[in-house]
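In this document, chain identifiers A, B, C, D, E and F correspond to the written order of the chains, with residue numbering beginning at 1 in each.
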């Protein structure tokens, strides 16, 4: 609300309009736009395919949060953003939802690899989040059949600062190997899944990326229309 | 007492009544109710089966503390609570009591898995408590025949803060493997035990969960009546 | 002396009597009595057998300190206490004395197991002390033939506090395995020894435990009389 | 701008000229010149071949940043500097670009080895940067097929100082071995690549080094001319 | 000098005599006498044989420092002391001297074992010193042929306190095993050497110990006389 | 300059002479003389052979810094000093120079072993420096073919003190074993090299050591003359 009022004021408006709220929501959720950051055409193209990869995976997998907007205007430290908005507040997450989230996170890197035949450092943050998520599935939520319904690693709070600093390893090297194997399997399976799905829907991936390069921002209805057109084109082919 | 007086005052009562004490006891033992937290129907259903799983296991296993109340009204950070009240103060715990406690802790996750065919992050805290308990049985109370009547891991207090921060590993990797194996065995055996028992008493599990979805809170007599009805129904089947 | 004077004053006595000194000595050596702590009959029975196990082992093993008193009145954090008083100050301890001490420490858990067919968390402190003692025999006093006349683990003092916090591991994993094996052997041998001796003297164990349940405190002459009677009974059997 | 103004002032100029900006840019990018540091003829020769090795590798590999200047006048802590200037700001880096960077970093040591038949401590910083870069490729950017699209090693910030101090190892020894193997492979492949390329272009390497010994600084046009001449000489040979 | 003057003053002497200097030297080198500490006859006997073991080893091994005094009057935290005085200040120590020192340190425990057929905690400090010395021979002074002329373990000073706290392990587990083996070999060889020598000179060992039990303190000439008598007795036997 | 002026002032000179500068240089480079420290004849002999070993190795190996002076007058914490002065400032060091430095460091211990048939703790500092140097060759300067052109061990600065405290191990146990093997090989090869060279030039070693025992200090021309005489003597033998 604050952000919306500030935005409206900066535009010399007397009233806060719906469009001001939209601007404010985007800023809070995705970081401030950084229009001053200049990307080369090559970087724009990579970013467009990367974000299109995330967005398409999110559209293809059932039970994941709806895609609200995709953009290749740099925001915060990211060159592009795919924004998903949950339909209602979740308090717990099912194993299926988390497994699909891994596939969405892989979608960016996979799109770069499939179309541009090269990979970049831009996926670093996605990989870190996927690894962390897979580790939590195995070590905190008992979602690996191999390791069973136990937790691994004791959290330790440095109390003089009131903040958790370290997760202490409280298991043997043998278990550490099993944890590593399971994390690798969870992420690896979803990398392959993203590869298979994006290859099958290559036409949609390219349509989304090219539209992003042209418009820089796509909202939900625009994404739906592009996917509808590109997949209907697929049928006759 | 304090909480009860405060509660009565907030209701504009002139005297503290029995119902105020009950409210106060629940708040102290289970955390404050959070009626403002809105659960989706899906989450309510998961929570109801999860809590019904805990409660039914507690009823089925001999020598465990009586179930006092079950609720799917969020309290503190939990979406639901199963409250057991000991009949008298225990100072020490028998191996059998602890072994059964592991099975009760597993009951929630197992109920989700059996009925809803999916598992969620909601069992994370149960798994952590079960792992900690199994570790204590093995490492502090000498309750593993394989590791014998010894203790493992020296506690270290950061004296300048008067609080224990770390348990230092004072054993070899070989022993670490044996400890991991025993913890996994203890928790795993009780996961299987919960699966077997809840499968056998599926009718009761469903009856409890459905009643919870309807009433949101069940006290001891209500639970007993539901179990009586559902199990008597089982007989003719 | 102080404690005795305080005790006498609290009883409104004008002079400090012998009985006041006895009260004071017990308080200093075993912690203050906690008569307000209420044990269930089950816990009293477990405690009685546990303490009887310690006391009987101490009586059966030569060269250990004489048993001064046994009680199942909670004192400090313990539900019961077996108090041994050395006949003179020892400055060093022989390997034999320490080996017997391990057997006495095992006596409590073994008695629970033999008679009540269940074990409890109550032996946790005994197991910790036995493990620590066995570790010192191996790592500080060169009493393991396998590891030889060396010491293992360097003590490190956090000098800014003038207190030892950590023993740093200064040996290889291979030696760590040998140390673990030796500690397990020392404690395990004495667990078996306690089992053998208490089984042989089961009649005395039961007589001691039942007397404790009846009187709550037994002094040295009472213990001697009970053992005399129960073992003489054993002969004709 | 500041540095340029200061420089012009120190030369008693009334206006800041283009040459002052060039001096300022070099100082900011490469550190201040240290003309007072006296190198022996032997060290000058080693430095000339070392820098020529870097520069030639950068010229030979496609897609790397253009070489702006090479010098054997000591700057900061370096005895010589090869300066590359990107044509536009990069925000992400492709795997190919990073792989080539490893080869450029190896170029210095390889040139010493090939021509002078001895190696020196002067390459220490290059090796450290190459090792760090290869580690990031494997552990942060998922650029090793063997280890897959995951990240390894959790960053930990010492929050009371607001600076990252430690990367905590959160993987098993088995993964540590695979990481070491991949880092060694990435650096090793590029060492061999630098060896092969510099051997093929030995005539150019020597021409660059000898020109550096004579002029101490070479700018982009001078480098291009030397390479043109030396490689055209190569053809008839 | 200070201590001597203080001692003389305490005796109400007007001048400091030779005997006062002797008292002062003993106090500085061996700690203050603790005549108030009462040893049982058993402990006195153990202590006498323990110290006789040290003293006899020191007399039997060539090139070690001369034995100045042996006593079983408790001093500081020790129940007895064997004091060796170097003939001149040493700045470096030969491998042979250190090897013999290990044998002297073993002499106390070995004497207990040979004569009293039991070992005590009293040798703990000797074992710690022997282990430390053997570790230094291997890790700091390159005196193990197996590990060679290298050092192992980097010292780290906590600079804010100006004191060394930790020796950081900077070697592999494989080297840790070799170090452990060499330390065990060095100490073990000298344990066997002490056993062989004290068994051969049992008559002298007993003579020394019995004289200590009688007189409590033996100075160098007394020790020499006892050894002369006991070994001459040995001859005719 | 300061030291020279201070020295001249202490001698009541009005002008600073060349000899004052020499005194000052020695003090700065080798520590202050400690004429008050009294060495036994045995220690003097050991020190003379130790320093002669260093000096002779330095003379025999090509490309090392010239020997400026050798002395057995204690300076700082050293019982003797061999001082090498570089002909010009080196900024980088070749692998060959470092390899020879290892042999010079070994020369002291080897001389003791060859001539006196015993080794002492006096070489401890040489061994530590050699181990550190060999580790740097392998871990910082990529001078081991086996480990390749990489660096091992990340330096970590405790930033609140601005000083490096720890090198963090960032490699697997497998690499740790390879590093240990290479460090041992580098030092071991040079120990053998020193043994071979000093055995071949035994006559020169003895001549240098005896001259040191006689004169306590030898400067460069004196050393040269001794070596000339002793090696010419060698020819006829």
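Keep this in mind: contacts are C-beta pairs under 8 Å (C-beta built on N, C-alpha and C of every residue); 3 or more make two chains touch, one makes a residue touch a chain.
Just so it is clear, the structure is predicted and the values come from calculations on it, not from any experiment.
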{"item": "Count of contact steps on the shortest path from subunit A to subunit F", "value": "2"}
{"item": "Interface residue identity across copies subunit A, subunit B - same or different by half", "value": "different"}
{"item": "Most distant chain from subunit B, judged by the mean position of its C-alpha atoms", "value": "F"}
{"item": "Rotation angle superposing subunit C onto its copy subunit E by C-alpha atoms, nearest 5 degrees", "value": "60"}
{"item": "Most distant chain from subunit D, judged by the mean position of its C-alpha atoms", "value": "C"}
{"item": "Cα-centroid distance, subunit D relative to subunit F, in whole angstrom", "value": "35"}
{"item": "Interchain centroid distance [CA atoms averaged], subunit C/subunit D, Å", "value": "70"}
{"item": "Touching two or more other chains - residues of subunit F", "value": "173"}
{"item": "Chain contact graph, described as a line, ring, star, complete graph or other shape", "value": "ring"}
{"item": "Chains in cyclic order, anchored at subunit A, direction fixed by subunit B", "value": "A, B, C, E, F, D"}
{"item": "Complex interface listing, subunit E residues touching subunit F", "value": "88-96, 98, 140-143, 148-152, 156, 159-160, 168, 170-175"}
{"item": "Subunit A residues touching subunit D - in the complex, by the definition given at the top", "value": "37-40, 43, 46, 79, 106, 109, 118-124, 127-128, 130-131, 134-135, 161, 163, 165-167, 173, 176-177, 179-180, 183-184, 187-188, 191"}
